[in-house]
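Take a look at these structures.
Below are two complexes that have chain A in common, paired first with chain B and then with chain C.
Let's turn to the complex of A and B:
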């Protein structure tokens, strides 16, 4: 059975690329374009095995979302999508227990390896 | 290749690595900057230029590969990089970096001295290199991505102009943050820099002009895309 990944990202090109690569790698991909939608999906879909999230999202910030996930599903692995100049936010995210981060635009092979490693270690 | 090294950045949890290089006569002319962790190194790399970056394998919080990724993709700089580690992996010259192992020997230093300064990346309006790599040259995916680039950025620039006219500069910064990866994914070097400036460095009075410059760059990219892909013009 395919492992399911929730992508939370509001840039359509980034979403398309992540979907393309992860689907090719054999994952089932679900997309939320904002934090509110992500929380709805997480509430209804208990087959999600990994969350990949941007930090600057509409309605609910990435850090608020991470905090919510950590409070409700503490073992859910989380990979953060970041851009430059976000060192402080990334540090906060690590303090909140995110498992890894990937810089946008991501390196395709690195994405594959980091996703595989994160899922396998949980 | 063969450029004489002058400015070297050492990133290592302790100053030992810097002291090791200082002990070699070959390195006596090096001007070495030292950073204890990768975050402080990235801050320094934003404002300084180096001929060589030497990283201990054990640096954190970002490991050497994340630093390389960040420097290349986010700072859009290209430096010769060296990772120094234990002997669990062989010493080797890889595509983007060299690996050498402790203890550092004279031959390691000699190799680094000749590990020349990289050429600056050629400036171009756009490139499909990234999308090709990502999709294994899947033309359907590439064309869909180009159409997505045009359609989403057309809409985002309308939002950006609206935000500036209100003015809501916080919204303008958010939009710049959102569209920055789109420029990067199309291999454009200028767009991400302007987006970063709008997001993090510009004062409010500078944002309208920066937005105009960004839109102009976007217009140039679209013109070039339409020249190369006439069939996408009407999409």
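Let's turn to the complex of A and C:
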């Protein structure tokens, strides 16, 4: 059975590329354009095995979303995909319990490997 | 109607005219709106097509780029608008992706013959088309430096700025090679842009700024002297020293500033004897140099010259420096 990944990202280009690449890699991809929609999907869909999220999102920020996920499903692996490369933000994200942090511009092949590694290690 | 009194006839005429105008305006608005909606739909459809093409080319290993690009070109890249959208989408992808995908994007750009389209708008377009074209060439590292060189001395500042950006962005080394093609003095804004690009856009080895100390444009000299200091190229201090006697006061001022910041020990020996003959701008810089590299006794040597001239700004600066240099300050 295909593993399901939730992508939370408001940039349509990034969404399309991620969706295309991860589908090609054999994953089932679900997309949410904002934090609010992501929370609804997470509440309804138990099959999600990995979350890839941006930090700058409409309505609910990525940080709030990560906090929420960590409180409700502490073992859910999370990968942050963000334009921010400030040390402080990356450290904060890891302190909140994210499993990986990828900065944009990103290499889709590298992201694919990191997704595979994160899923396999959980 | 022929029996109507003339005021009524005039009123009736204007009422009809008004209604006609209203009908024409409303119809025009509706037509324009429908045209815009149709155009947006077409754009969206085309954008989806180019997205699918790009994603296939980027992530499908079985994708034959040469063959598929040819088909796509004939099917979808026939109008200028389509080409513009394709270029914009490639730039968006290029901004967000790196590594192998970034290289593939450049190949896609060429395979779709969008480089020809861009070079054509560089040659024949308006100034904003040219600026845009140079920006695209820079972002996608299309090295057409001969073509872009023509725009380094363009009359429009945005085009010139983009041409400078192109040279720095695409350079693997020697990002300032375009200096040899410059014929116009650089503006303050261009100098700021140049420094910013060198620090944040250029990824190669730090250039040797002393190579440009014989340039005929004084703004290039100013920039090179400033950069030698900014990038701590101490080995080029001897090359800056002769500029303390340059005829342009801005260049002399920059030479004093850079040598002061580079902590050149002999600076005061060089500039203090010339203090009385210097312009106000350079005098201020010399006072700063004495404050940084000298002592109170040296500063007091400048006092007689200041008392001779009624330059209140320089005197004020002298007094502030003197106050800061007091042992109990």
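The criterion applied here is as follows: the second predicted complex is superposed on the first by the 119 of 122 C-alpha atoms of A that agree within 3 Å, B and C clash if a C-alpha of one lies under 4 Å from a C-alpha of the other, contacts with A are read in each partner's own complex, and residues count from 1 in each chain.
Methods note: contacts are C-beta pairs under 8 Å (C-beta built on N, C-alpha and C of every residue); 3 or more make two chains touch, one makes a residue touch a chain.
Owing to the predicted nature of the structure, the values given are computational and were not obtained by experimental measurement.
Participant: Please tell me, clash or fit, for chain B and chain C sharing chain A in the overlay.
Facilitator: Clash - chain B and chain C, as placed by superposing on chain A, overlap.
Participant: Looking at A:56 after the superposition, I want to know if it touches chain B, chain C, both of them or none. Which is it: first, second, both, neither?
Facilitator: So A:56 only meets chain B here.
Participant: Is A:94 touching anything from chain B or chain C once the two structures are fitted on A? First, second, both or neither.
Facilitator: After superposing on A, A:94 lies in contact with chain B but is clear of chain C.
Participant: Have a look and say if chain B or chain C is in touch with more residues of chain A.
Facilitator: With both complexes superposed on chain A, more residues of chain A are touched by B.
Participant: Should A:26 be classified as contacting the first partner (chain B), the second (chain C), both, or neither?
Facilitator: neither
Participant: Determine, under the contact definition given at the top, whether A:10 touches first (chain B), second (chain C), both, or neither.
Facilitator: first
Participant: Quick one: classify A:107 as touching chain B (first), chain C (second), both or neither.
Facilitator: After superposing on A, A:107 lies in contact with both chain B and chain C.
Participant: Taking the contacts chain A makes with chain B in one complex and with chain C in the other, which residues are shared?
Facilitator: Residues common to the chain A contacts of chain C and of chain B are 11, 13-14, 16-17, 20-21, 104-105, 107-108, 110, listed in rising order.
Participant: Across the complex, what residues on chain A touch chain C?
Facilitator: Spelled out, the residues of chain A in touch with chain C are 11, 13-14, 16-17, 20-21, 24, 104-110.
Participant: Which residues of chain C touch chain A in the complex?
Facilitator: So the residues of chain C in touch with chain A come to 51, 55-56, 58-60, 89, 92-93, 95-102.
Participant: Report the residues of chain B in contact with chain A in the complex, numbered from low to high.
Facilitator: 39, 42-43, 61, 65-66, 69-70, 73-75, 130-131, 133-135, 138, 141, 144-145, 148-149, 152, 174, 177-182, 184-185, 196, 199-200
Participant: Using the touch definition from the top, list the residues of chain A that touch chain B in their complex.
Facilitator: It is residues 10-14, 16-17, 20-21, 56, 83-85, 87, 91, 94, 101, 103-105, 107-108, 110 of chain A that touch chain B.
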